[in-house]
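Both complexes shown next keep chain A, but they swap its partner, so chain B is in the first and chain C is in the second.
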Partner chain A sequence: MSHDRILTFAFMEPPFESERTITFFRLLDAALDRDVDVRVFAYEGAVALAFAHQQPHGNAMHGRDSGEEAHPLTKDWIRALQEKAKAKRIGFEWINCGLCVDERGVNDVIDGCGRGGPPDLWRYASEARNTLTIGTR
Partner chain B sequence: MSKYLFIQSQDPFTESRARHQFELIGQLHEAGHDVSVLLVQNGVTPARRGARGEGLDQLLNREVSIYADVFSLEQRELDESDLKDRIIVSGLHIIIDAMLARGKVIWH
Partner chain C sequence: MNVLQVIDQAYRTTTEEQDDTILWLTRSMRGAGGDLTVLLSGHAVHYAVLRRRQPALTLGQWRQTQPAELPRDIAELVASGVPVYAVQEDLEERGLGQLPLQGGVRPIARHALPGLYEQVDQVWQW
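For the complex of A and B:
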């Protein structure tokens, strides 16, 4: 049975590669602004979005250290969305495809991001009002 | 009749498949469906006044509703005055609204 205020998003883009990642996170933020419960199924390269060991870096070419560069990390964006949802008392769930995680060795993810498989995407889609799949092209 | 929102991230200048995507959108409109398009990322580039984007121009001539993502425009130093007539500047919230309305939302 679907719920009126749940939306599911399936995303496969790896971090730090494409403008799609920015659009995807903006879309999740827009959903929270509409008080929508968000469900994310991350697969293929997108499982690294929540990788806990992402590190910011400086930019020697421009003479900026790590703090000055303020390099954005996708794990921090996920955490910010989790906190926004918590403050608004709405749901924000994130499941990584376990096979995709194992392939890439990105098992260590931030809190609040789980491990699952295609049946979770089916469950998410079944429970949601609607589902959007964003491919790599 | 179904309601469609296409999120058009690909542009016709660097992605050959964009031509077919615009054709599909036009065909659905011609078949009587309620079709809208949100241009995002490089998808906003044919929206610029003077840009030679035949696929988008045909949709505009058919009076398909065309929106352009404000953030994608700003990244490319475009604003509303740079756009072709009948293109509406919007945020991404229209995607969320379309999904909540159980529209068919498709990423291109």
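For the complex of A and C:
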């Protein structure tokens, strides 16, 4: 049964390659602002967004070390959205396509991100008011 | 719930993934009981007239043993009960309008697309 306060997102872009990625995260943030439960199915390169071993780096051109540079990492954005949803007592679920994870070797993901497959996307979409697919180009 | 999968790109990652990723996703969700329809538009209308399997990639001594087989994938999608449409004008713009479509693939005119969109609950544009 679909629920008016749930939105599902299917996303395919990896970290750091496309402006679609930050736009996708801003849409998730905006949905939470409106107290909408969020369901994410990460497909293909998007499974790397939750990779636990992402590391920030310094930037010699900026004259800053790693701590000062505080390079953005997508795993931190996911964690921030998880915490925001928890504080607002609304849902935020994230499932990575397991086959996509395996072929990229990004098995270690942050807490709160699960492993699944297309049937999970179908379940998410069936439960949601609507689904936004953001493919890759 | 019925979902219309609109596939507009063609041949993206078909070498390394051995599939069109959205055709694969559609077949997988169909296998899980999903009620789906596929619309091939833009360059993806090529899939509607394909007859041969993709040539195998070789790099040095490495040789791909299982290249993508899109005609089979389309045929199995149709056989599983998923209606597959191809936009007639997109076929014609690419010089494909006179070629026979794969068995079960239905041509659809652009002016008929709103009716198709109205028949489904969600439209997923890839």
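Following the convention adopted for this analysis, the second predicted complex is superposed on the first by the 136 of 137 C-alpha atoms of A that agree within 3 Å, B and C clash if a C-alpha of one lies under 4 Å from a C-alpha of the other, contacts with A are read in each partner's own complex, and residues count from 1 in each chain.
As a working rule, a residue touches a chain if its C-beta (ideal position, glycine included) is under 8 Å from a C-beta of that chain, and two chains touch if they have at least 3 such contacts.
The structure displayed is predicted, hence computed values, not measured ones.
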Kindly say whether there is room for both chain B and chain C on chain A in the superposition, answering fit or clash.
-> fit
Considering only the touch criterion stated at the top, classify A:Thr133 as touching first (chain B), second (chain C), both, or neither.
-> both
First (chain B), second (chain C), both or neither touched by A:Thr23 | first
First (chain B), second (chain C), both or neither: which does A:Asp33 touch?
-> first
Taking the superposition as given, does A:Leu121 touch the first partner, chain B, the second, chain C, both, or neither?
-> second
Please indicate which partner A:Leu7 is in contact with in the superposed arrangement: first for chain B, second for chain C, both, or neither.
-> first
So, A:Glu44: does it touch chain B (first), chain C (second), both, or neither?
-> second
For chain B against chain C after superposition, the smallest C-alpha distance in Å amounts to 6
Note: overlapping chain A surface for chain B and chain C spans 130, 133, 135, 137
Parts of chain C lying in touch with chain A, wherever the complex brings them together = 1, 3, 9, 12-13, 21-22, 25, 28-29, 32-34, 122, 124-126
In the complex with chain B, residue positions of chain A that touch it = 4-5, 7, 19-20, 23, 26-27, 30-31, 33-34, 36, 129-130, 132-135, 137
Note: in the complex, chain B contacts chain A through residues 9-10, 15, 17, 40-42, 69, 71-72, 91-93, 95-97, 99-100, 102-103, 105, 107
Footprint of chain C on chain A - complex, ascending | 2, 10, 12, 43-44, 117-119, 121-122, 125-126, 130-131, 133, 135-137
